[in-house]
Every structure is written in C-alpha cells, then in structure tokens.
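Next come two complexes, and both contain chain A; in the first it sits with chain B, in the second with chain C.
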Partner chain A sequence: MSGLPSYRASPGDLVSASATNSLFAGVGVSTSALDSNNVRAQSIDLGQVAPVPAANAGIVTRYASQNNVTASTSPASTASRTVATVTLGTPMSLRPGDVWRCYYSLRITDQGSSVTNLADLETMVERPGAGWVFWLMWDIGGSGTYTDIPGQDSFSTSHYSGVNDNAGSAIPHIRTSQTLTSMVFPHVSVTPAGTSVNAHQYVGTTGLGSFINRPVRRSRAFHYKRTGTTATVYGLRIMARGVVSLGRDPGGSGGGLLFVRDTAMYGTDPTFGGAADNITVDNARVINLVQAEQ
Partner chain B sequence: MSYGYRRGDLRSGNITGAGRFNENLNEQVANLQGLDRDQLPSHSVVESMVADQAFHLLEVKQTNTEIADPYRAASPPTGTYPAWVCAPGMMYPGYAGDDVVAFTESTSTQGGMLQVEFSTWVYRNTFCDRKYLSTVPSTVSYPKAFRLRLLVNGIEVDSTANVYVPWMNIHLCGQVLAPEGVSQVQVVWSMDPARTYLSGAVKDPDDLVMLFFAGSSLLVNQRRS
Partner chain C sequence: MSYTPPNTFTSATVVQAALVQQNLAEMQAYANGGVVAGDLSTAVWAETQHIVRPSYEGATQTLTAVSGTSSTAGRGEFVGRYTYVQRATSTRNDDVSVWQFIPGTWKEIELPRAPKALLVQFSFSGTTPSDATVATGTGMGFPGTDVSLVMFPGRVDDTSDIQSPSLMAEHRLQAEDAADIGADGQARRDHQSGFQLVEGVGNTLWSIGLVGRSTMPNTRIWRWSVAIESWTV
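Here is the complex of A and B:
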C-alpha cells in the first residue's frame, strides 16, 4: 500500500477531532475495501489465487479434456457419416468471452474408390479436386442431438441454389465460408514418376491402391470465441463425407463451396463417385481447451 | 481482508499531548504503508476479482478472405463445365510465385509472451501435377508446392516449407517476446509459379484456380503473467 494521507500534529496546534477522525475513517474505508482494485496484478502470486475447486474451473484455463476413440470405421460416400462420437466426462461450458481451442486428429488407413482404371484416375486429377472432408458437430443440449457448430456447415442442398448435377438434381454442399472445423484429406494425388502415369489414390490398398500403404494421421485445430449466451457442450461428433470437390457460389457472391460427388456432375465425368468410395478411419482424438480472457 | 486495522475514535478535547498522539498515529500509518501481498490471504483471489485481460489477452479472428484481390478469381472461366466449378482462388495470371499477405492482425501488447496459432485447410489444384502434355520434358519436377508462413512483426515464427499434398490441413504456431506497443501478426502464402516448357509454346494453364484455402482461424494469446 502507498499513498495514504499523513497527518502530523504539532505542539501548540489546535487538533481537530473531526479532521483526525475523517483521516481514520478514510483509512478504514480504503483498507476494508482492499481487493483486486488495490493490488496490482504483478503483486499477486499463485498462492493468493484461488485453487481450482474441481476439475475444469480455473481462472484462465476453464476446461481441458482429451478423448480417444480407437474404433475403426469405414464411412462410405452418398451420405454424411459419423466417424466418432465423444461424450465429454464433464460438460464443457462456454461463457461469453471464453475461447474454445480445439485440436482433433484421426488416422486414415485405407481408401476405396469406384475408379477402376488409371485413365479415370487421371481424369479425376484434372478435375477441381477430389478429397474427403471431416468436420465437427456438437451436442449442446445434453439430449444426444448433434447440431452445427457456429462457423461450420453440414452438407445440405440449400446453402446455395443452382448447384445441380448433370441430371439437374441439387448437389449437397458446404459453404467454404463455413468450414471452421473442417479437415480435408486428398482422395487422389500425383507423384513424380518420369514420363509414366503417376496419378494414384493417396492412401490405401483397396481398389487401384496407392504406394502409400501405411496409415496417415491428419490433425486440425480451430479457435472459437463465444458470444451471446453460455453454451454447455456435452459431446462432440466427428463427421465425414466424400468424395468431394471444390467449387464456387453460382449466385456470384464470390464465396466457395465444397460439394459432394454423389452423382455425375457434368457430362465429361468419368465413372467415379458413389457408394464404392469410402475411407477407413481409426484412433480419433479430440482435445478441448477453454480459456477465459482474464 | 484479515488485516487487523482498528479504527480510532477521538472525542473533541481528548488530544492533550501531541507527541503521544503522533507516535500512535505514525505507527498505524506505517503499518498500513507496509501492506503488500503478504496480507492477501492465500486462495482469496477469485475470478471475479481478476480484471479482464489481467493475466493474458486472447484474440480470435476467423476469416474467409484468405486470398484477396488481385489474386482471388471470384469468377474463374470454366470452359465446358458448369459456372460453379472451380473455387474462387488464385489463378496464375498476375502471379509470379511471390509472397502474398493473406491477412494482417494488429494487437496492442504490454510485454510478456505472445503465442500465435493459425489453422486452415488448403486446396491445391493437381491439374498441373500430371504430365498431361506430351511436350513436357520428363526432367520437369512434379508436383507443385505451396507454402504458408506465420510472421510476428515481420519475423517468421513458423512456416510449412514446401507442401505437396493437394488437400492439406495446416497448423502454424509460434511464440515470441511481446514488445510494448503494437504487434503485427501476418499470414503469408506462396505457390510455385506457372511454368513454361521447352520453346515457350507450352505453359501451365492460366484459366484454372491453383490455390484456395478457407476455414481459417488465428489465435493471438498474450501472456502477461
């Protein structure tokens, strides 16, 4: 403490009891109100900071969790599939101002493809992309109902109008402006191989196979600052869908979109896309960290 | 507070000896002047007492304008394909392989450590990867690469080096000492430029989107204590 008023009575001075008592009163008020406003942050040590009364209630780090799902699954194309569901042991509270830092990863061990000849594989390489997309959904009601996380779409035919396949049917798509949690993985790729054909499936032994015959782990991180109201997250779900390509909003907004190759999208398509396309995934991991801006 | 300050209560006419009065008063004032964190009981500081941003600052920025004009082709020509084919990303005309700033974030810092994290997913066109032209010499190196760099005040704190995987998730993270003042965090992208082969009659196509990334989030975490 510093800056307290001083008072010094001198012999012969007329001492005013009221003035002195005012000093006492002022000191009493200031010291009884001693709290964070009187103590600079730099002068507080960990000893003075309240301990975490229970898991996940710190002043800065509000929540931390890690969940692993080891089971293997092989989601196929033509629908959005659940890769892993994580039920949080302690629900994760996101208050306004809290920042959620999420890190999730999974291991890809194989891919199947409806492409059965190299010529079509080469054509696939020449198209505007072919891959899988993974994303997260959350259960914020505790009812087991999973919904979209802000900033992340699920596949729908209604985000943009006019995204139709070669037969005129609407194509499910995600707006790339809503891919906060999305993780992508290539379905096909190319390697340096002299003058020979060098297109291949990126990973796997199924179908045409790939020279990359060992599992590959992919990870994604994202950051989300909660606004508005408090949300309590009870569970997270890793979703998958493919084979997808990349396009843009036909309405002219300049926005992009990921779309699904469930059907032939244009007349020159090779015969790929469909139920034969799948990806095998295991050992998913979800790490959550929530921090308050204190 | 458990500090044992007891408020005095003087009555008019009680003070008859100034020396004794000053002695007692100065003792009390000295005690109060010596108040420091030792008088703050253990475990007494709870979250409601901690001022916002006292321990650290957290800024989160999400964006989907990673590739801006003049490198963002909002309406790339698509030839025989439907109008929505090809993402609104970078095409080769006007791009020569140089570093391009995706976005800049400035934040006021007050010392301590600055931790920055950047996460995104990237699409790179594989069209140029394949030896689709018979005139391309076999010595040409494939595939093409892209790079992302994370800078703080112009100093690189993390980078991807060359990435050849066409669909890739990127996570860059770095920590630096935060200066007093304004710190500038930047994300910079680059990609191998268009190539011209042999006599110059054959080149990489300039009507296809070559690079696009989205779903980006940037976290700036300033640890102050």
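Here is the complex of A and C:
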C-alpha cells in the first residue's frame, strides 16, 4: 500500500480535526503493509539481499558441491557394479520447481577382454556395437539405499516381455528414453581393416584391441526439474554395467534399448559376449548445483 | 511497527503548531530507520523491475547481475587458424611434465563480488597427427598430448603458475596413425569437454585457460570454448 491520504485546508476555512487526524492515521495504515509500490525501480542490489534468509527465498543457487573420487575401480561384467559412491557433505534439498544441474566425468584407463579370437572380436564390435554404460543412482532417504533417479532406468528390471537371449532368458535392459544420467563408452574395438593384432590399438595390456590407446575422460551433464514433493539427496552412486549393446524396442515404441550381453546373443562361443570382460575407471568427478525456479 | 501519530486533534480546539510538528517529526523518524520487517506486506514486494539491471561488458564478454556473473570465450574457426600444443614448447619427453599455455585459450574474469561458487565448463577439439619422428608406442609413454584446465586466482605471469592444473579435467589425446590421416582423410578429431567448480571464492581476478604437454610434433586445437558462471546469491 503506497497511497497516502491527502488533506489540504483551504484558506479561510476552519481546519477539520477529523480530516487532520485522518491524514496522520492514513500514514500509519500505509506504512503497515509496505509493498512493491513502495520500492523504487532498480533499487535492490546485493546489499539489500540477505545472503542466507529464511527458506532461502531469493537465493538463485541454493546448493553447490564438487566431489572428486580418486580411488580406481575395475567393474567386471555380468552384473550392475558400483564404480563410486559419493556421500554429499551437506544433503542436497530439491524443492518442487528447483532445478538440479549435475556434471560428472570419468577417466577410463583400461579395458580387459576375455575374447582371444580376432574374428570374434571384430564381429562383436561391428555387429552389436558393444560398449559399457554408466549411470547414476541416488540416496534420497539417508539410509544408504540407492534408488533410480527419475528419467533413468537401471538394469534391475526388465521392462518389456519378449526381450530374450538365444536361450529364451529375459534380458535386463535400459530404455534409451530413460537415460537421463547415462554415458556409453565403446568396448574394445578394432580398426575396420584390422587383420592382425599389431594393427589394433590398445588400452592397457589386456585383451585384443581398443578404442583408443590412451586413457580417456568422458563427461556428462544433465538437469532435472523437481516436481511433486521435496526430495533430499544424501548421496550419489556411479554405476556401470557391460558389455551392453543397442537394440530396438520390440514393444513397438520406436525407441531403443540398451541390452546386457551377459549371455551369448550373437554367437555360439560362450566367451563371445565378453562375460569376463572388465573396464577400469581411474577417477571420477561429480558436481551438483541446485537453482531455484525464481 | 508502522507509523503512529503521537497526537490526535479534537474538534473545536485550536490546532497547536507544536503538536503538528511532533507528528511530522515522528513521521520523519519512521522514514529514517523506523521501518521494521513487520511493516512489509506478505505479498511479493520486490519484482523484476526493482532489481538493479544487469550490466554487460562487451570487451570482456562479461555479464554482471545481482545474482551473479557470467562470461564466455571461444574460437570456432576451423583448422586454418588452430592453436597448438607441441613437444617443442612443452619440452616433454616421456615422463617430463611441463605444462605450457595453449595460446589463445586464456580468459581473465574479474569477479566484482565474492560469489558462493564458480563453475567453469570448457570444451575443445583437436587432432594429433603423427610423423616419421614418432615411434609407435607399445608401452607406457605412448606418444600423445595431455590437455587440462587451469583456474588460477590472479594474473598468470609465469609458467610456474600453471603447473598444477586440475587433473580431474585432464584429457589425453591420441596420436593418430599417419596412415589414418592420409588419402582417405580419416583424421581423428577428438572432442573433449570438462568442468570444475570452486566454492567460497573471493572477489578477485581469475585466469582460466587450457594448458598442455606433448610428446608429439604438433597437436592442433582447432576449436575451443569456455563458459564461466558464478553466483552471488
């Protein structure tokens, strides 16, 4: 309320007591509920904004953290593996409308393959596009139980029936429409015209061939807008599984699926699927930001 | 507490100048420090037009607002105007680790206010052609180039300032087989990106850029970009 009552006594007239009192009382009413009309344009700068007001009102960036994981790990195939667990020093609160911006990266040094036959390796790489998939899970209860992040499937469930291997067993998979936090890293590979071991490139010392002959870093950034209820994130977990390949959703959605190739899908050689393959992650970095909608 | 006039006037009584003056003095006192939080309406009283307008400095490509500061830099020209990392300047031979500036990738940003956090995102693309002087690597010490990000609080005036890059933002570029970049034009063009966040930084000058070290004749960095964000509130 910004308007003030006005009263102007005319010359020669008696001053009205009630009008005079109304003048001063009106100022009292107006100053009891100062609002936007009382604020001058462009008058609010940092000095007028409390850095930590109640409920973080006015704070654009409500949370910022960076975690570095320096321990090396070598997850093997055949199951979903934990690459690293990041426990946040301060829990990260996501209110409805808040936007979580997450950046994470991995440095991958080595890949080991159990496939020793060059022709099999070439087929594995060229036909199903073998690779490793990394994704995140979160602990939003503080109990150390990690669950799926909205928009990100895990291999814990099979979403479609009829997605089977050659033996008729159901295959765990991730829908490619639900890969908010995912990174896919190619498995050991060979040059297209490779005809000998020497023509191939290596990571490390195990297995035939490699995507690249030096350690590589891969980065992923995504954002997630919270809806519904407030969630408090206590930790994040980087997961890995391989060897996977990409296939078409048999349910007819037109989307793709990331399959786990635990079993021999593309050949009869029991080692063909790379059941004993592994990958080494040197280190990891996770950056979290939470910014208010307004 | 809102303004309360100390005096009220009664009908048919002479108005006393002193009482009027007292009311006005009280009003003056209220306006000069008498406003308390309870006097503010519970409705939104600070709207967009009330916030100081952001300012943009074209020379440094820096936007400064109440909520924070952002800046960008980059170069998108193709290989004809590449910058580089090479062994001639990094004097690197196997385990010798001397980081050198990657020319043209440096950015200075002055933070006018102490932000809560500073986030830098960067990306670059490069090629590392081989030549007859490079032996094929078969063990540790593969020929190649490392590129990393440096965030230095202050102005970089000596290479000693850049010898501690963030190894979490390091990228290792592969040396290409000479055959791959021959007639078929299959040069590998690595695209790399990374990020780094620093909390609790002061209102100071930051130098941010790429450094490299190489065992190769020449790694061509043919595009790069950096985006810097900091938040005051």
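Rule of thumb we're sticking to: the second predicted complex is superposed on the first by the 217 of 294 C-alpha atoms of A that agree within 3 Å, B and C clash if a C-alpha of one lies under 4 Å from a C-alpha of the other, contacts with A are read in each partner's own complex, and residues count from 1 in each chain.
We take it that contacts are C-beta pairs under 8 Å (C-beta built on N, C-alpha and C of every residue); 3 or more make two chains touch, one makes a residue touch a chain.
Quick caveat, the model's predicted, so the values are computed rather than measured.
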| item | value |
| --- | --- |
| Touched partner set for A:283, first chain B, second chain C, both or neither | second |
| Which superposed partner A:246 touches (first chain B, second chain C, both, neither) | first |
| Which superposed partner A:68 touches (first chain B, second chain C, both, neither) | second |
| Partner chain(s) touched by A:107 [first = chain B, second = chain C, both, neither] | second |
| Partner, of chain C and chain B, that touches more residues belonging to chain A | B |
| Touching partner for A:215 - first (chain B), second (chain C), both, neither | second |
| Partner chain(s) touched by A:179 [first = chain B, second = chain C, both, neither] | first |
| Set of chain A residues, in rising order, touched by both chain B and chain C | 1, 15, 17-18, 20-21, 24-25, 27-28, 31-32, 34-36, 39, 41-45, 49, 51, 59-60, 219, 221 |
| Of all residues in chain B, those that touch chain A in their complex | 1, 3, 5, 7-15, 18-19, 21-22, 25-26, 28-29, 32-37, 39-47, 49-58, 60, 62, 64, 72, 74-76, 80-89, 117, 119, 121-123, 125-127, 129-132, 138, 141-143, 165-169, 171, 208-209, 212, 214-215, 217-219, 221, 224-225 |
| Complex interface listing, chain A residues touching chain B | 1-2, 4, 6-13, 15, 17-18, 20-21, 24-25, 27-28, 31-32, 34-36, 39, 41-45, 47-51, 59-60, 99, 101, 122, 125-126, 128-129, 131-132, 151, 160, 162-164, 176-177, 179-192, 194-195, 198-199, 202, 218-225, 245-250, 252, 254-257, 259, 265-266, 268, 291-294 |
| Complex contacts: residues of chain A adjacent to chain C | 1, 15-18, 20-21, 24-25, 27-36, 38-46, 49, 51, 58-61, 64-66, 68, 103, 105, 107, 201, 212-217, 219, 221, 283, 285, 287, 289 |
| Chain C residues touching chain A - in the complex, by the definition given at the top | 2-5, 7-13, 15, 23, 27, 30, 35, 39-41, 43-47, 49-53, 66-68, 113, 116-117, 119, 121, 137, 142, 144, 167-175, 192-199, 231-233 |
